[in-house]
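Each of the two complexes below includes subunit A, the first together with subunit B, the second together with subunit C.
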Partner chain A sequence: MTVDAPPRRLEDTPLGPAAGGLYRHQSALTGLAAGVVVGFLGWAAAHELVQAGSWGTDRVVAVTMVGWIVGFTLGVGAGNAPLQWVVGRRPTAEDHLYWAGVGQGRARYWKYCTDHKVVGIQYLVLTMVLFGIGGGLAMLIRTQLLTPHSTFLNPNSYNAVVSIHGTAMIIATIVMVTGPFANFVVPLMIGARDMAFPRLNALSFWLLVSAVPCLLATFVLGGVDAGWTTYAPLSIQAPVAMDAFAVAIIAFALSATIGGINLIVTVLTMRAPGMTPGRLPIFTWGSVVGSALGLCAMPAFLLVMLMVLSDRTMGTSLFDAAVGGSGWLYENLFWIMGHPEVYVILIPPVAALFEVVSTFARKPVFGYRIVVGAFVAIGLLSLAVWAHHMFTSGWAPDLAVPFMASTELISLPTGLLVLCLIGTLWDGYLWPRLPLYFAYLFVWDFVIGGVTGIYLSDVPADQFFHGDMFVTAHFHYALMGGAMIGATAAVCYWFPKITGRMLDERIGKVAFWIIAVGIQVTFAGQFWAGLQGMPRRVAWYNPVFQHANQTASVGAYLLMAGWIVFLYAMVRSAHHGRPAPANPWRAKSLEWQVPSPVPLENFAVQPVVTSDPYGYGQADDAPGGPDRTVENSAPVGRDGAERQGTPP
Partner chain B sequence: MTTAQSGPVTGPEGTGDGPLTPSAPVDRHRRATWAVWLLIFGDAVFVVLEVFSWLYLRALNTHGLWRGAACSRTHPCVDGQGHPILGEVPTASPTKTVAVALLVVVGAALLWAAERAAREDRPRRAVTLTAGLSLGAVLLACLVQVDQFRGLPFTRIQGSYASSFFFVMASDLFHLALAAFVCLGVWMGSRRGHYADGDAGEVRLARLAVTWIAASVCILAAVTIVFT
Partner chain C sequence: MSSEAHPPAGGPTLRPPFLTRPAGKVCVVWLLLTAIGITVGLVAPRRLLPGFDATTGTDVLRTVVFFTVLATPVAGFVYAVAAISLMGRRHPGSADEPPPEDGAPLRGNRSATVVWLVVSSALVVVMLVWGVAVWSNQQSSAPGALRVRVTGQQWLWTFAYPGTSVQSRTLVLPVDRPVLFEVTSLDVTHGFWPVDLGTQVDANPNEVTVLRTTPDRLGRFEVRCSQICGLYHSLMDAPGVVVTPSAFSRWLQSEGASVATAGRVARVGADR
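Showing the complex of A and B:
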């Protein structure tokens, strides 16, 4: 049943001149201006007051970056409501409407808008920007590694590029699903009108935006040459760029924590009547587990970067072993964050794939409870595996075996997820559209990434492989070939709902094949180099590894070309694609029961849920039914209207 | 997924949650309570890891530089700037650490009283007074904390005990500033009459947050006093 929405577009309704208050005059532009001004004031004040001493320059950079972030977030409008609250003022109903974007047209995408759909689209664009940065840096790395002693980058620049490539990609992959899709889709999926805390939602996005310039500033501040893990004491000895890096990570950790809390509360408290836990779409479960895991992990990231800043700007000796600190403490804190974070990245895209596979196989999710249980089990186990990253560090050798066991244990629920994904596909009435293509690719890549991870969890094998390109290939297969491809399937799947237009399948499939081949060539090349014994994080290498590296570089260029084609398909379709009907995939979950684009408050009436979201296998899903017809005979009319009355 | 329509949700006591259909206060407070508990959980992880770091560095005692017990004039150690450490680094006096913890506990208790006054719909002056006193106690705690920084018998670069103490107290100060912000908001809100008619939901949330902050300050105070 389709829940009708009101015909008017509330977003375009004009409001009174006082609505929104100060916020009327604020946007990303005022944020930029305020950020630059406050950053400059911070720089000037720090220059005058605290530059003296051994840590003076570090203090100046840290204060400047904090000034930028504070100025930017206040300038964009994030501080209005808290400041109003602290002086005892409360916003009016018109203020709420203005914050939600009413009467602002496209300008709301540049503002501190509280509408969850706007925030979702903002996140999608920001994620693509981060991928663009990280991907561009990857191209520099692969170009450097084309020849054994390339002078394309000097070793310091190479290290700086590797660090920011890793960090930008990790940040992008953490937010790539929970940012755009959990924001856009989850409230719709559970029958809510918005997130629980719309202003916090906007805050989490704009905090992340403010972190990006800090991250990029590292290149002009000498570069972070300590790798993305920024192990101590490298991070303590790194140039002042490390201060900007730490401030960026602190802003990111705060953003992720706030966003995670918002999502969890939304799902806990704002479900439509009848949306029992057993009826929650798998994607909602995955987003909640990912956010909960992030809530456990991000405080560790925050703490470790604050401690690094303390060591660098105050001269404390928390991580520097020469003066009483410990590099192992850094490693422990970092990986207490770092390994759960891998599952913060992985679980939401896997959950999105269950939506995709169920829809395109026209089958209920195979083992719904097993999948949910596996998410929870992975979440819990991932908190107890961090030290497998430290097998070769010399820390607590007696704990190596327990950590090896817990790491190998986590492969069981992870394997169950893949089995359930295949079980959903098995004997399904497969409808080979672009999202399903990416789901197939995910299964292939993720199995390779996962199985090689089991090798690395084994202490003796890890002693051999740790620090070489085998590890690089493993986590790229898991995170890029797996998680990122899962996120791409999610983009293809929800594109019509987000943009109101269909994604161009023809160009999308061209991109798919280039990406699929590119991933295999790139990371097989890295496995090859790793098995030959090539160390990672080196700008120059022994010529014996040249063929493997050239293979990986050619694959990487191919991969980049594939992503560019995919981006072209997205941009072109968003502007000129066929208008999408409300439910082009004839999916059962609630987000497809509202019009595309989705109106301001999502639902004209409160939906009441009376069945689970995977009720496929009914008469209209039978072989030869409407969906296969959709694929073969263009069920979406030229005017975008969905064909009615397609025979089962 | 099958859905049924249950009718519009707009109205003065709407159960919606969008800008046009604001939720009932009880729903808003329920959501905010969840959020505050989750924030507390996240902050608790932070505090637990701080304690872990303290105990870890103390147990490891790298090069004997936790407090420099092995340092002497004949075998001097060096601090973060290469200056010699000629003896064991003294511990911070627990008096001010305890004073800060006590003040913030008093602040939390006063906010509890403010919540009770608001819930029982007592005159506005009662809520304003207790919230104002709570703010005063927390601000005083901030001042004592700053004063403690100024009078420490060591510098923050003299080994890992000194560094950890400095870091933990700085984190306390940040927490206290947050508590002061929350108390200020409640005090101002009460002065403007926002907690009339027994609407104590906002004060309750503030009390929850400040109570946690008091607990975290006490935990960190205990660790820094007991495990020197």
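Showing the complex of A and C:
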């Protein structure tokens, strides 16, 4: 982009009637129509070509789902620009503006929009939809488990619900920070006008959208009965729902890979002058490390689901032990994805918390280099811990000790992150706004999640706890009480920047307390059941576990109520909240120096960065002092903001 | 990054008593939380975990208690620092404007980091040594072990005793004799989890995995499937019982006799 100081707000540019071309007529609606049509064509073709029998059915379902995804993404507009290259037509400047959403108002949120802020908001809504699906399924699970021999769900429905609860939540938590916030905030933080590949950004989002109906379709296709881990060979004999599941995961893995590459390239190549690696906000570091780790993990997910599809539809036997395959192969590939993946989930929200805590303790991040180093160390170590999920699988007993060692070693960088977080709180001048509430809840929950993890890292103890509710409680504390609460802090923190309105903290604090209590009750109940020896993923259980399960169920209802209140606060504030100033928290990073809502292409004048954004508590004339953090020779803060708003 | 950014806490003569300073308060809260945590850690696992019937179960209980004692001071320290930070200088959360001044410009503290890293590394080493010691002790093969062939299938368990014709749906074990389980599956992956023995291993089709333990207490226990295995996973359990050696040999004889008189053996998984 060579545009410098445009004459007026870009989004007010009048566009000719031809701007955008075919794209003018495309939206999620045409995507839906094209997806249904292509999916139907795929179904009809596969039905005609493939002989009957269970393989035939598997092939038909797989082809239909792939057809839906291809049709949907093309119908929403993913193919337009590549098609233009093919026919030799170059998009005009007007086309680019139209793709970025100019002149479309709210309709741009339903379109294949290239503006990183639109994609960020789209991701935020999609994440909440996924959490809604996963949370609703969790309510079904907890209702089933109120009594030992409940008939609320039949066992097949129960297994299907458990599987999709896990998968929806895993997808939601993987994208919950890098989707909404890395997309919206990182380009602003580093002084870029957009992502490096704006159209790929949109592709990453709409691919994920197309995967959601495939996941939901599993319920009408017989249900996935193998848990979210879908261990083979069970998943090879599962109903045809498994084909839809595999296609959904493949689309998700592609989406995450595309999004990850985009973010990394953006941070590598599009930083403002002076934004050296040592001045990058911690959140940018965390998003990059999380995305890079995702790039290592997602190919394994894609591969293992392709292999499942191959076994199911093409008669291969990659995972069938009777004919030369191996279930352990599946387990290895799955966890080579699965353990880096929990740090893909965890690192970005933790990084966001450093921004939150620094801002609300009015202090620089404690140990900036240690935090960055810890992210990188966790990233590297997490590639070598996967087999701790297989301690009791019987595979390679000789590797139990090395994997126990790597698993326990990863607690060192993780512990350093906790030290730096409380070090940032220490001796601050605390301003307990809502984001800081959630930061405190994170510390409380994450320590519990971490401490209970060390029992599971120990092979002899894991021989009792594997497959037990204790594991469920542990990772819910770490991923929900920890990562998801961190993401919630990020929502509260960046809400004014994203919506241009302040989040209603009165309602937000009501939600906070319900959620905080709900988490403790729910997962304390699960720890209780787990210590007693209740297995995971069972629809019926021994009555000795009933009290523990009732506790967990009551907590889960509370938790759901809390999230509904929080959602109400968000929706209400987004529409009727107090208009937010550009920098309500007086934070120092670049995203707070542009107006809210953020104008298209973000910066009227290229910002020049002279220090890191943590210059709290320093004299104004000191290096890194408040007034020299980002305001500089080419002003973008107060000055730039005004200039953007006024025509020449 | 500068690590010396400590604000001087007044002159040496004017320093308030240790316990009223933030660091002193952290120490008090830390000790309190650690004492509470260790008490809970010593009591709760014994009360909540099943009453284990085997050496492996005792290992689990000891590990849980020991790791709790190791980890509680760390957790207590984190909570104490977070809590005392919150009790220090604080601006009203209702205020629209940020605090009138910033917090201490503390960009790191080398000694705190080094102490933290050294302590957590030491804890990891202790945990690892403990785990390796217990694990290798469990792995050592005991002479005279009773072999039991365990076969999982959707959705039941079969236990066979090599050298006899006995095939049972109940896992019967003699007390105080090492036992070697040879575990396999006929269909999908199952998890052979004799819950109250405190150990488990997966049952994989076309593979035999082994599991060692020694029952050391008479009593009933439950065998569960710990790996989701389809429709009736919830119902895939079997009763188990630890009996005296003499009762065990009587049981083997009577079962063998009844099998012989019945004249047919369900050859479930017996021909590996």
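Here is the rule we use: the second predicted complex is superposed on the first by the 601 of 648 C-alpha atoms of A that agree within 3 Å, B and C clash if a C-alpha of one lies under 4 Å from a C-alpha of the other, contacts with A are read in each partner's own complex, and residues count from 1 in each chain.
Rule of thumb we're sticking to: contacts are C-beta pairs under 8 Å (C-beta built on N, C-alpha and C of every residue); 3 or more make two chains touch, one makes a residue touch a chain.
Given the structure is predicted, the values throughout are model-derived calculations rather than measurements.
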Query raised in the report: Who does A:143 touch here: subunit B (first), subunit C (second), both, or neither?
Result: neither
Query raised in the report: Of the two partner chains, subunit B (first) and subunit C (second), which one does A:459 touch, if any: first, second, both, or neither?
Result: second
Query raised in the report: Should A:418 be classified as contacting the first partner (subunit B), the second (subunit C), both, or neither?
Result: second
Query raised in the report: Which holds for A:92: it touches subunit B only (first), subunit C only (second), both, or neither?
Result: neither
**Report entry** Partner chain in contact with A:321 - subunit B first, subunit C second, else both or neither
**Finding:** both
Report task. Based on the superposed arrangement, let me know which partner A:602 touches: subunit B (first), subunit C (second), both, or neither? Result -> first
Query raised in the report: Of the two partner chains, subunit B (first) and subunit C (second), which one does A:401 touch, if any: first, second, both, or neither?
Result: second
**Report entry** Where subunit A meets both subunit C and subunit B, residue numbers
**Finding:** 321-322, 328
Requested in this report: Please give the residue numbers of subunit A that touch subunit C in the complex, ascending.
Outcome: 155-156, 158-159, 162, 225-227, 229, 231, 233-234, 237-238, 321-322, 327-328, 361-370, 392-394, 397, 400-401, 404-405, 408-409, 411-412, 415-416, 418-419, 422-423, 425-433, 436, 440, 443-444, 447-448, 451, 454-455, 457-461, 463-468, 505, 528, 531-533, 535-542, 584-586, 614, 616-618
Report task. Show which residues of subunit A lie in contact with subunit B when the two form their complex. Result -> 1, 3, 10, 54, 85-90, 93, 96-97, 99-100, 102, 114, 191-194, 196-198, 200, 257, 261-262, 264-265, 268-270, 272-273, 279, 295-296, 298-300, 302-303, 306-307, 310-311, 314-318, 320-326, 328-329, 332-333, 336, 588-590, 593, 600-602, 604-613, 615
**Report entry** subunit A partner contacts - residues on subunit C that touch it in the complex
**Finding:** 1, 7, 22, 44-45, 48-50, 56-57, 59-60, 63-64, 67-68, 71-72, 74-75, 78-79, 81-82, 85-86, 88-91, 93, 95-99, 101-109, 112-113, 116-117, 120-121, 124, 127-128, 130-132, 134-135, 138-139, 183, 187-189, 191, 193, 195-196, 198-202, 204-207, 209-210, 222, 224-235
Requested in this report: Show which residues of subunit B lie in contact with subunit A when the two form their complex.
Outcome: 1-9, 15-22, 27, 30-31, 34-35, 38-39, 41-43, 45-46, 49-50, 52-53, 56-57, 60-63, 65-66, 68, 78-81, 156-157, 159-164, 166-167, 170-171, 181, 184-185, 188-192, 194
